[in-house]
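A, B, C and D are the chain letters, set down in written order, and residue numbers restart from 1 in every chain.
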Amino acid sequence: MIFASDNWAGATSAVMTALANHTSGFATAYGVDPLSRSIERQFNDLFEKEVAVFLVSTGTAANSLALATYAKPGGAIFCHEEAHINVDECHAPEFFTAGNKLIGVAGENGKLTPDALRSAMNKVPDNNPMHGRPAAVSISQVTELGTIYQLDEIQALADVTHSRNVPLHMDGARFANALVSLDVSPAEMTWKSGVDVLSFGGTKNGCWCAEAVVFFKPEDSDGFEYLRKRAAQVFSKARFISAQFEGYLKDDSWLVTARHANEMCTRLANGMRDIDGVRLLLEPEANELFPVLKKEQAERLKAAGAEFYESAADFTAEDEVFIRLVTCFATTPEQVDEFLRHLRG
Amino acid sequence: MIFASDNWAGATSAVMTALANHTSGFATAYGVDPLSRSIERQFNDLFEKEVAVFLVSTGTAANSLALATYAKPGGAIFCHEEAHINVDECHAPEFFTAGNKLIGVAGENGKLTPDALRSAMNKVPDNNPMHGRPAAVSISQVTELGTIYQLDEIQALADVTHSRNVPLHMDGARFANALVSLDVSPAEMTWKSGVDVLSFGGTKNGCWCAEAVVFFKPEDSDGFEYLRKRAAQVFSKARFISAQFEGYLKDDSWLVTARHANEMCTRLANGMRDIDGVRLLLEPEANELFPVLKKEQAERLKAAGAEFYESAADFTAEDEVFIRLVTCFATTPEQVDEFLRHLRG
Amino acid sequence: MIFASDNWAGATSAVMTALANHTSGFATAYGVDPLSRSIERQFNDLFEKEVAVFLVSTGTAANSLALATYAKPGGAIFCHEEAHINVDECHAPEFFTAGNKLIGVAGENGKLTPDALRSAMNKVPDNNPMHGRPAAVSISQVTELGTIYQLDEIQALADVTHSRNVPLHMDGARFANALVSLDVSPAEMTWKSGVDVLSFGGTKNGCWCAEAVVFFKPEDSDGFEYLRKRAAQVFSKARFISAQFEGYLKDDSWLVTARHANEMCTRLANGMRDIDGVRLLLEPEANELFPVLKKEQAERLKAAGAEFYESAADFTAEDEVFIRLVTCFATTPEQVDEFLRHLRG
Amino acid sequence: MIFASDNWAGATSAVMTALANHTSGFATAYGVDPLSRSIERQFNDLFEKEVAVFLVSTGTAANSLALATYAKPGGAIFCHEEAHINVDECHAPEFFTAGNKLIGVAGENGKLTPDALRSAMNKVPDNNPMHGRPAAVSISQVTELGTIYQLDEIQALADVTHSRNVPLHMDGARFANALVSLDVSPAEMTWKSGVDVLSFGGTKNGCWCAEAVVFFKPEDSDGFEYLRKRAAQVFSKARFISAQFEGYLKDDSWLVTARHANEMCTRLANGMRDIDGVRLLLEPEANELFPVLKKEQAERLKAAGAEFYESAADFTAEDEVFIRLVTCFATTPEQVDEFLRHLRG
């Protein structure tokens, strides 16, 4: 009953099989092998557009390097105050951008609003070096509270962003979960809605360690090869990351696993609705659920071996606790049902 | 007939099997899983000492973070002028150390000498901020010319290094190849000879992407967790790197593959000695060979599908070319013999 | 009628005279001249303690280098959300700390409270690299809203700070104005109240460009010479900064000018109390006043040549404007009275 | 008898007078005051071209920020191995460029040659991220050995530089000394000979602390305001630096002082020619002389109060010492003659 995070899972068999297929033999090092080239072309098809794509190994690397591409002396990067880049990456974005400032903006349900974004950006006006200048805006899709931006919400944030002549970055660590939830195309959820650069996550949804930085304006990526190499993110045996994407994308494996994860989350939510003492704060939109439980319920679950994160919150009663549950490709209906059984007591 | 680099190979079956064994199931993320802990303990045994070990994914990451641990404002890092960190890592060490300077020192056969090192360090005297101050010394074992430091040579460099109160780093991208060539223990080739911190390479010798930073004075590594996380080198599914080391170290697999690679290199060298037009500049000590060929020989080999690197050199005649040949665990005697056959013409 | 900022003034005659006295002749370069050494000793007397003092040329340099001394990979620096280091220095602190994050904390009247600070620091717990770790806390004395921390308030913030094992920095750009307002000693307002490192400002109170970083635990400053030199803040003709401090400190000139500036601010405030349409939001505690005026009053003042800054604010009525008035050593009673005359209309 | 460095002197009376003239009164802060604007226009006249000029306070700041303007991930900056930026600035250029590598190139008499430069740049080929990529070339005029590039030598280096699509920077810490020695115009010695960006030094030739970064292609300086502010080099009372340049440039004061300094150097050299035991290694071209003396001569001079630097050198005999003598605006013929008298013994 592991609901701690989707990155506690291993790899899908599709990914593992692809890796195994590329174990032997020789290939040119440093990412110019035929497989890597082929994966790059697959991304063009996926996004119905010529994109520039660069494979890296962690989400923090993808986010930090995407943002570093647009960093400037005195640059400010705007994001939700709870964004992964703002609070969960050990300030790697600040480091890789040589000290650009991340400005966290408040917003309900983990989502930035155009008004709040505009207001925050207005505090960094043009032509006043004291306050720095905007460098980028970043949103997370899925957000850190498991919510999802609708296409028109993305476009509205992109409009504010572009009005200040900076790019919109999407942290897509859970890109697939959002995509199947919205039931739109990758193109629609990104460049057709104003996204300029994407961290395309593979790890949480079934890869070992495979992430991609996707530039929808390929010319923006001039020199990115140097940025990536300097960041120690160019792998000599690069086909190892490429192979993961080969397995991940083949036969829509990635969409299948994302749908499964989301369904498991819905199953969890539905099972919890009628349980006394449980409050669902948000309807699940992807593969994360944020309920409030009675403390005794949480204790019972942990005693039974369930794994999940608890957070401090100011909206819980004395005898309550706020928790996060995450499902993934490896979550089974049986695990969900067992969890619910222990929750009921 | 791939002799371009040892990182053109894939992974050994030992590594692949270990990976496959850890594909399914859940494990705590970010490197605190049982497997990762167990690998860390294995390094203690390997080095006959309590060490602090941190797994990362590329050699550039290992080198850059090892050096960043000891970086200082105004710091200078001394190394051979041809060192990988100095010329082959896109200046990642300078970046991760926030601008420490790498000072390349000349030395025959790819090796630093104590006198040359002392002389270079003397140009950065104590207590003169204009010139900065020493931060570290780094040597490569195997060197960039395929040569190997003897234990007393390492100790002599360590003595010069320590006389300036800075640590000695060893870039062990080909650690195993050097180890089996010298026929000494890991402890002897490192801390018993004065090495303070090691980049322990697994990738070139059979892993997919597995490197370790090993601190022989564990207290030096205080805060390294933050340095590594900020560098985007903490993997959520960290067991994936740990599993590689599990397979790599099991049953001395890594020593077997290193010995094989070295033997293939000796076979190459021995086969070339009697071939007209070929000059061996250095006797092979590990798995790299640097011969001078006639240009027509090189052309013939390439036409037959052989892969190797050519370099500019000032010691070649008009009709000659200077090349590098690297063998690895995946090199077969048949490949070597085929290469020699084409070389003979 | 210049009330835009205390840094629109020139230099006091005491400072100018000292500079003129050191114009000719030779002195050892780079800050080891006798005058510089003598100034350093004066700081020991001033603070009744052996301190380590380093002269620099701008407040941004003093703040950034003081903080960089304590920076760490993944470090977070806590300050008021309106702190100069957070919003007015073009993210120089982030740059000089190689990407430490500044975490702005809300607080009334420009002041941090122990509770808000503790709560913000708790979000960066120990031993969790994802969230980074505390590196320092910084307070401004005078604050950005012209208010002043009482000694026990400083001590309370120091206690929270030190409970996390990081130092308390004081941005003393207007140190003298606070000091004479509290009528305490420099020692009492700093290390006796728990301050570990101080940016001691001279520029706003009568120097051309003279600031000092003062370490109350001299051992903390190990290596600061390199940090300062690498920051391009070591002046070859360093006596030029030292001479400013010579004039500044001589015969308590700095306290005289600070008292004058504060008195001019009080005169302004007192004159405004009875004027219709004017609201004083805060009683002046040093040399800054933040009134709300009727827009027509502000327009009239500007038409008469008055200079001051206006800010956006959510507590002003349609026909009002929020302004900042700053007095300094060069402000005369006549200028104040003229301003009040125009304000009255 | 101070010949240690031209930065041991104070300020010229022209500079001091200008400073005194601007002591009182108010002026807009942060460099947008009328005086600063007027100085910027004077630079246009000086260089017979519209230039973008930014005042800073130290030579290290000017060099580091000029180079940071053109820095890139993986960038390499080529310069003479003895260049001030390479060995005398505590690695500030590496820091301000976020880790670009400085590559020192050997060259006789302190001068880069086109062949050596081309050869060094060829080791950093296009399109190979491992080796990084060229970012800039920097030359010193006057060089660190007191020699001067002729106009055609500058142009030849610019041609090599521009063939790799990077800019040529000139470190003009002793710009005036070179200019009067060559007897050419500022335009001829810079952009007409292919220089793209200049560190224009004022400090060594009579200012307190005044340097300027001059861009000959103003569009290159886009965003430099942010770079400078983030570097803590924007002065609130900026007119203080501007005033120095006002005095420096007025009535060609700067050319007068430079000519004087050079003449004093010639007087020194001429006086030393006939003294037994003295070897002049290079004819003086500006205001620096590098003779070899007998050790007893050096001791005698020091005993008499002479100040100068000694360096290690491999071309001196047992009983000899290699020294550097620098003259400046404050050097008098009497000081020179007294030095010569003691040297003769």
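General remarks:
Basically, a contact is a pair of C-beta atoms (placed from the backbone, for glycine too) under 8 Å apart; a residue touches a chain by one contact, two chains touch by 3 or more.
Because the structure is predicted, anything quoted here is derived from the model rather than measured.
Of all chains, the one whose mean C-alpha position sits at the greatest distance from that of subunit D is A. Two chain pairs are in question, A-C and B-C; the one with more C-beta pairs in contact is A-C. Between the CA-based centres of subunit C and subunit D the separation comes to 34 Å, rounded to the whole angstrom.
Distance from the subunit A centre to the subunit C centre is 41 Å, each centre being the mean of its Cα atoms.
Distance between chain centres (mean CA atoms), subunit B to subunit C: 50 Å. In subunit A, the residues that reach two or more other chains under the touch definition are 73-74, 89-91, 95-96, 98-99, 129-130, 132, 226, 229-230, 234.
Taken together, the subunit C residues at the contact with subunit D in this complex read 2, 4-5, 7-11, 13, 16, 19-20, 22-29, 56-61, 64, 89-92, 95-96, 203-204, 208-209, 226, 229-237, 239-240, 307, 330.
Listed in rising order, the residues of subunit A touching subunit C in the complex are 73-76, 87-91, 94-102, 123, 129-132. Taken together, the subunit C residues at the contact with subunit B in this complex read 30, 68, 72-74, 98-99, 129-130, 132-133, 223, 225-230, 234.
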